[in-house]
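Each remark here refers to the structure printed beneath this line.
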Amino acid sequence: MASNSTVTPKRGKLSGKDITKLGVRSIYNQSAMNYERMQSDGWTLAMTPMLKKVYGEDTDGLAAAMSANLQFINTNNYAAPLLMGLLASLEENGEQRSTIDGLRIALFGPLAGIGDAITWFTILPIVAGITASFAKQGSILGPLVFFLVYVALFFARIPIAHLGYSAGTKAIESIRENSAIVSHAASVLGCTVIGGLIASYVQIKVLTKIPVAAGHTISIQTQFFDRIFPNILPLGYTFLLYYLLKKKNTSPVLLILLTFVLAILLSWMGVL
Amino acid sequence: MTVTLGEGLLVSLFALISGIDFWLEGFYIFRPMIVCTVTGLMLGDLRLGIIAGGLTELAFAGLTPVGGTQPPNPVMAGIMTVVIAHTTGHSPATAIGLALPFSILMQYIILFYYSAFSVFTKKLDDYAKEANTKKFARLALMPTVVVGVTYAIIAFLCVYGAQAPMRELVNAMPGWLSHGFQIAGGILPAVGFGVLLKSMLKMQYVPYLLIGFTAACFIKFGNLMPVAVIGAALAFIEYSHARRNSVVDKKLKEIQDNANNGGEDDGI
Amino acid sequence: MTVTLGEGLLVSLFALISGIDFWLEGFYIFRPMIVCTVTGLMLGDLRLGIIAGGLTELAFAGLTPVGGTQPPNPVMAGIMTVVIAHTTGHSPATAIGLALPFSILMQYIILFYYSAFSVFTKKLDDYAKEANTKKFARLALMPTVVVGVTYAIIAFLCVYGAQAPMRELVNAMPGWLSHGFQIAGGILPAVGFGVLLKSMLKMQYVPYLLIGFTAACFIKFGNLMPVAVIGAALAFIEYSHARRNSVVDKKLKEIQDNANNGGEDDGI
Amino acid sequence: MASNSTVTPKRGKLSGKDITKLGVRSIYNQSAMNYERMQSDGWTLAMTPMLKKVYGEDTDGLAAAMSANLQFINTNNYAAPLLMGLLASLEENGEQRSTIDGLRIALFGPLAGIGDAITWFTILPIVAGITASFAKQGSILGPLVFFLVYVALFFARIPIAHLGYSAGTKAIESIRENSAIVSHAASVLGCTVIGGLIASYVQIKVLTKIPVAAGHTISIQTQFFDRIFPNILPLGYTFLLYYLLKKKNTSPVLLILLTFVLAILLSWMGVL
Amino acid sequence: MTVTLGEGLLVSLFALISGIDFWLEGFYIFRPMIVCTVTGLMLGDLRLGIIAGGLTELAFAGLTPVGGTQPPNPVMAGIMTVVIAHTTGHSPATAIGLALPFSILMQYIILFYYSAFSVFTKKLDDYAKEANTKKFARLALMPTVVVGVTYAIIAFLCVYGAQAPMRELVNAMPGWLSHGFQIAGGILPAVGFGVLLKSMLKMQYVPYLLIGFTAACFIKFGNLMPVAVIGAALAFIEYSHARRNSVVDKKLKEIQDNANNGGEDDGI
Amino acid sequence: MASNSTVTPKRGKLSGKDITKLGVRSIYNQSAMNYERMQSDGWTLAMTPMLKKVYGEDTDGLAAAMSANLQFINTNNYAAPLLMGLLASLEENGEQRSTIDGLRIALFGPLAGIGDAITWFTILPIVAGITASFAKQGSILGPLVFFLVYVALFFARIPIAHLGYSAGTKAIESIRENSAIVSHAASVLGCTVIGGLIASYVQIKVLTKIPVAAGHTISIQTQFFDRIFPNILPLGYTFLLYYLLKKKNTSPVLLILLTFVLAILLSWMGVL
């Protein structure tokens, strides 16, 4: 499976600095996002200096590499530097074009899955949920911590790129194997936190009171819903939306409008 | 209060920067948490910005661009929530609702760009074939510039240009309507969580959702850290189990493969 | 207060219906929760009936006819708890204890019927052999009728007939005795839970019992839903694990069977 | 294993309505409960109209079927319609008597186990525990919810019968396999809830106070037991009863009497 | 208050007994919980002894002789904490810190003995070869006696002999210093827990540590029983899983062994 | 594997009393602890009467057995009687010297591991943690319960010795197999409790208040740390110590001194 084509011209060596630069340049990944090839233009832009160094004088090689990288790709932006680093090591080692392209295509999907599970579905809800509780009380701690976490995540692109580079081909097997396990654990954490977020941040309180006798009323909220389970309405409404999104494929924007219409209607009726 | 020209330009500049940040998904200063805070600071009401940041961040919690989709725009939502609350005196919770049209407007503009930018791909292919890295870079960055400028213009128009009619509109609202908007702001996070659940929630994760929900209901604490810690503990336990399971599966597969090979070998 | 003849007949009719319901295990209106409530309604004291229903239901929680056994009778327990509390003015908690003899009386009557109804089987065999479905149906329903009428009679006698001596008896009770009955009513659920545990509790379920117990001790809430939700979450997690385990077991068995078959094949 | 006896006369077809009726008639299952053959008389009564339709003119077949069904059977009443539906499909398909009878005998036991675990040991304690907390405060919600749950469960007999009918023979393997897993999960839920019920509903409070100095006493309950663990006496007493029931095979009625005697004695002594 | 000669001798005797108990790890009366209580009793201040026992026990929680190591000495720590608190009037929390030098002194003496007692081994070998059980027993018990007497002497000197200079020293302490000692007493348990974790905490146990920590933070109760019960439940669940896993592993090994044997058999 | 050397002289029989005595004498195990052979001298002292009875007149056998037992051994003191009992049954059965010695050497390590996990790492922290909460309030219950638990554990040596004796060789396989599982479960319990202990008993409270305006201050403890997570400083400091102990191999005594120095310094600065 390793390169056994002796015709390949000898390729240039990459320094640690080159990989660091590659990690930083991974920010270009979405610079020209479009529906035809998604991230491929930005992806190639990020890869170019590295490819240039590897191919040096060999302009044909560089052109081929750039063209190959322009194929459709769509992956998670924190996983991108990992894949870039990995491919850099392959380019440097003189692997065949087809091997390199094959791996890129095989890996961007799983990496999107595991990356999204960790960054969009786990880290963001947790960081947002916790910092929002500070921000809602007007404390600057909220936005500050939020900002610092994401600055740190940005700079994590550099070690991630190095990780990909040094792991090289050995990493591939391991990524394939562990991506399911890590996604599974991330989903457990994510779902637990989302459960907590629903209880803490979705707010529905029924104002209706039923008069049972002169001067005596029963509050639907405190004397009925709150006695069954706390926050049962937020949970119920979230599940309704989930159902519509999942089974009826309703668009989120429609559900936002629906929520507004319902809220205004029920406000007008005095129910909410 | 009114937004001055200077403030309008300042916010517009910030829209350019955070708009590009959203386009590239760089430092996440495009999230309402940061956008609101900075906008508040620029309008001279930091505290309002922070509070609106907390509320709007949650309302947009699950509304992410995962898989190349495009959600209601968090930058415009953040800016306009603070601007509306600031200029009309309504609570941020109400303002979230009123800011939504601007957010959706920007969403559609980005969607348009996603389609439009396909026109560059042809040219980029050519540059790649020539290995002309300079020209390639310049063209590949063009969309980012276009997007940034668009954010600046739209933000300026909405923030500074449209403030008079908007204030009138908002002031004319009856009580039940603004109350309705406020309530909607409180329910809105449900949409985001629903979207998150759509991609995460398989049957086997329902128990964890229930545990997190119940824990948050009964642990009285100011933030969600306790729930996150419990979730992390459970995730870790599951991780250990899954690791162990995959080892067993591997061994089983090995044995079966050997058996098959053995069988075949015998046959030959 | 006294039970009027009309009330006695009404309760007697309800005993017939709920007695049959218990016999057939149909709508579970035979459980003290419903029996007490309806009896209370018939005696003109719905609130007493509901409260007694809650208490008596729990006292009989684990006392079920599982496996063809016959527990102290829930119908008579429910009726008499309300009647005694109503006529003597004692608290329902005390009345549960005083109603117990009636409940045990009915338990033994049903046990007698279980034996007695064996006499019909011979005849039913004959009808079956003749495929005489009409006669078969009539005879197979006979025991249900007998049971229902028995309930009506016993209930009428206990509720209406025995009320004078009972009131005297109860009024003559010293304070410590009625207090003792009340306390017994509070401890009684333990018997039911013990019976439930007898059939459910294997070593491996002890941790869940402890978790439920601890959760109920420290989660301050008016009902057991939180504990039930936690239990459901844990049950679901265990279900996933068990599913996974059974898949592994199946594969292991397959492999071993193949190995054995393979061996035998070689041998032959 | 399938019917290969060509001598069997062709049998009648069952409609959806017939199965619905079978589900409702499953209520007769215990109409003539007795120690000799337990539910068999009522079971046969429930099955008769269905069998009549299947065998039509074939009186011998009907007689044989009725006689066969009169053998000993004792199963859970909500599982009964499942088994009835399943057998109905076999009868309709013209399976041999021995096959049908074999399956009935093989399945009623496991179905009793899984059915009891779900209905008697899980649903009843949960529904009773939760509705009792309403009822104890005098709220009609308690009995109302209780009633509605069980009415719903009664009508569930109909879809259960249809499930059995449509699953047919394929179901058998699956029932055998999953009964252990479902029972296991039900036991987990059941035991968790019973733990909660013990803490919530068994009430033992020691009144004894030990005088340690003039005018100063120590309460055994609040200053000793309550400090070790809340509700430790209810838990302890329940475990004592469990021990007597399980290891000494004491009868529940005896334990009820014992509880009364103890309660009255300790009330008289001023301990409880 | 001063320690009288009689009290000094009494404590010295108890040091001998509990010192031997620590040497043999017999009845665990060497743990500060007991040592402090008994010392307090001997000095006529039982309550002080008990409270100091609770605090010092925790401060020494993880400091154990596992694996043949020797921790700061619990006996001297217990005795001196009570003695210092008693004689100087400082709080037990402060006294724990001040007692530490004595504890470390004794630790080093025991370490010296561990080395020194090697000299007996030669002689014991000889007695064993002669099967001279009498002489063997006498010599093998000698170290225990030496250790006991050492404890008695050291304790007497520290408790009775050194009290005057110690009181002076302690009285001369400025407020921030004694406050510092008190605070150190409150932080000290962390060292013990760190040591415990060093030998127990593998990655896979981190979730349980977090669960225990979170539970203790949010369950308001006077003792740790609830956390222990939750821990026991989780341990039991893990135990069931581990049992099940080991069964699967065994079967897998069996199959693989059979396969290998089979292979070899074929080869031969 | 069983004794097939017919030259071995017949050995004496042990009574139940002998094993009881062995269990009690296991207290001698550390009577002459030293760095050369750890517990071996005390171990042999404990074994002597039993060996004497087994070898009776056979002085050579006794001398050989005693010398063999003097080899290096270091095991948990509650596991020692188990191993002693087990070896007693082998000695009595006339197994060969080499078999007996091999088992002793093979088993003391695993038994030390499992024994330490249960006694030092699980029972002690739990008992200490719970009884300390009583003791800290001045209640005699604390030391009393502590004492009773350990007296009971001392006498448990007797049944443990009998267990070892009656289990005999069959036990060996099972000990090897289950030691990992039991240690695992004990670690789960132990770590949970230690987590609780950290939260309950390590106390660090920052006194510093930051003045934000005239007469208005912000408390670092209540308005910062306590809002992030309760007891976050105790947890953090314990983990710092853990890190130093584990990765830097720092000695506990040094960390104790460090803690003192820090506490006094920060007390002087008014931070703690």
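Read from first to last, the chains carry the letters A, B, C, D, E and F; within each, the first residue is number 1.
In the analysis below, a residue touches a chain if its C-beta (ideal position, glycine included) is under 8 Å from a C-beta of that chain, and two chains touch if they have at least 3 such contacts.
The chain lineup, named per UniProt: A, D, F = PTS system N-acetylgalactosamine-specific transporter subunit IID; B, C, E = N-acetylgalactosamine PTS, EIIC.
Quick caveat, the model's predicted, so the values are computed rather than measured.
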Reference chain D; chain at largest CA-centroid distance: E
Option reproducing the contacts of A-B, where over half of them reappear, out of B-F, E-F or D-E: E-F
Homomeric contact chain B-chain E: same or different residue positions, threshold half: different
Rounded Å distance between chain B and chain C, as computed from the means of their C-alpha atoms: 54
Distance between chain centroids, defined by C-alpha means - chain A, chain C (Å): 53
Centre-of-Cα separation between chain E and chain A, whole angstrom: 50
Of all residues in chain E, the ones touching two or more other chains: 206, 208, 210-211, 213-214, 217-218, 221-223, 225-226, 229-230, 232, 234, 236, 241, 248, 252, 255, 259
Where chain A touches two or more other chains, by residue: 134, 227, 229-230
Contact footprint of chain C on chain B as seen in their complex: 204, 206-208, 210-211, 213-214, 217-218, 241, 245, 248-249, 252, 255-256, 259, 263
Interfacial residue positions of chain D with respect to chain C in the complex: 27-38, 41-42, 44-45, 48-49, 52, 59-60, 62-63, 66-67, 70, 74, 77, 112, 116-117, 120-121, 124-126, 128-140, 142-143, 146-147, 150-151, 153-154, 177, 180-182, 184-204, 229-231, 234-235, 237-238, 241-242, 244-246, 252-253, 255-256, 259-260, 262-268, 272
Complex interface listing, chain B residues touching chain A: 23-29, 31, 33-34, 37, 46-47, 50-51, 53-55, 57-58, 61-64, 66-68, 71-72, 97, 100, 104, 107, 113-118, 120-121, 124-125, 128-131, 133, 136-137, 139-144, 176-177, 179-181, 183-184, 186-191, 193-202, 205-206, 208-218, 222-225, 227-228, 230-232, 234-236, 238-239, 242-243, 246
Residue numbers on chain D that touch chain E, as the complex places them: 227-230
Complex contacts: residues of chain B adjacent to chain F: 221-223, 225-226, 229
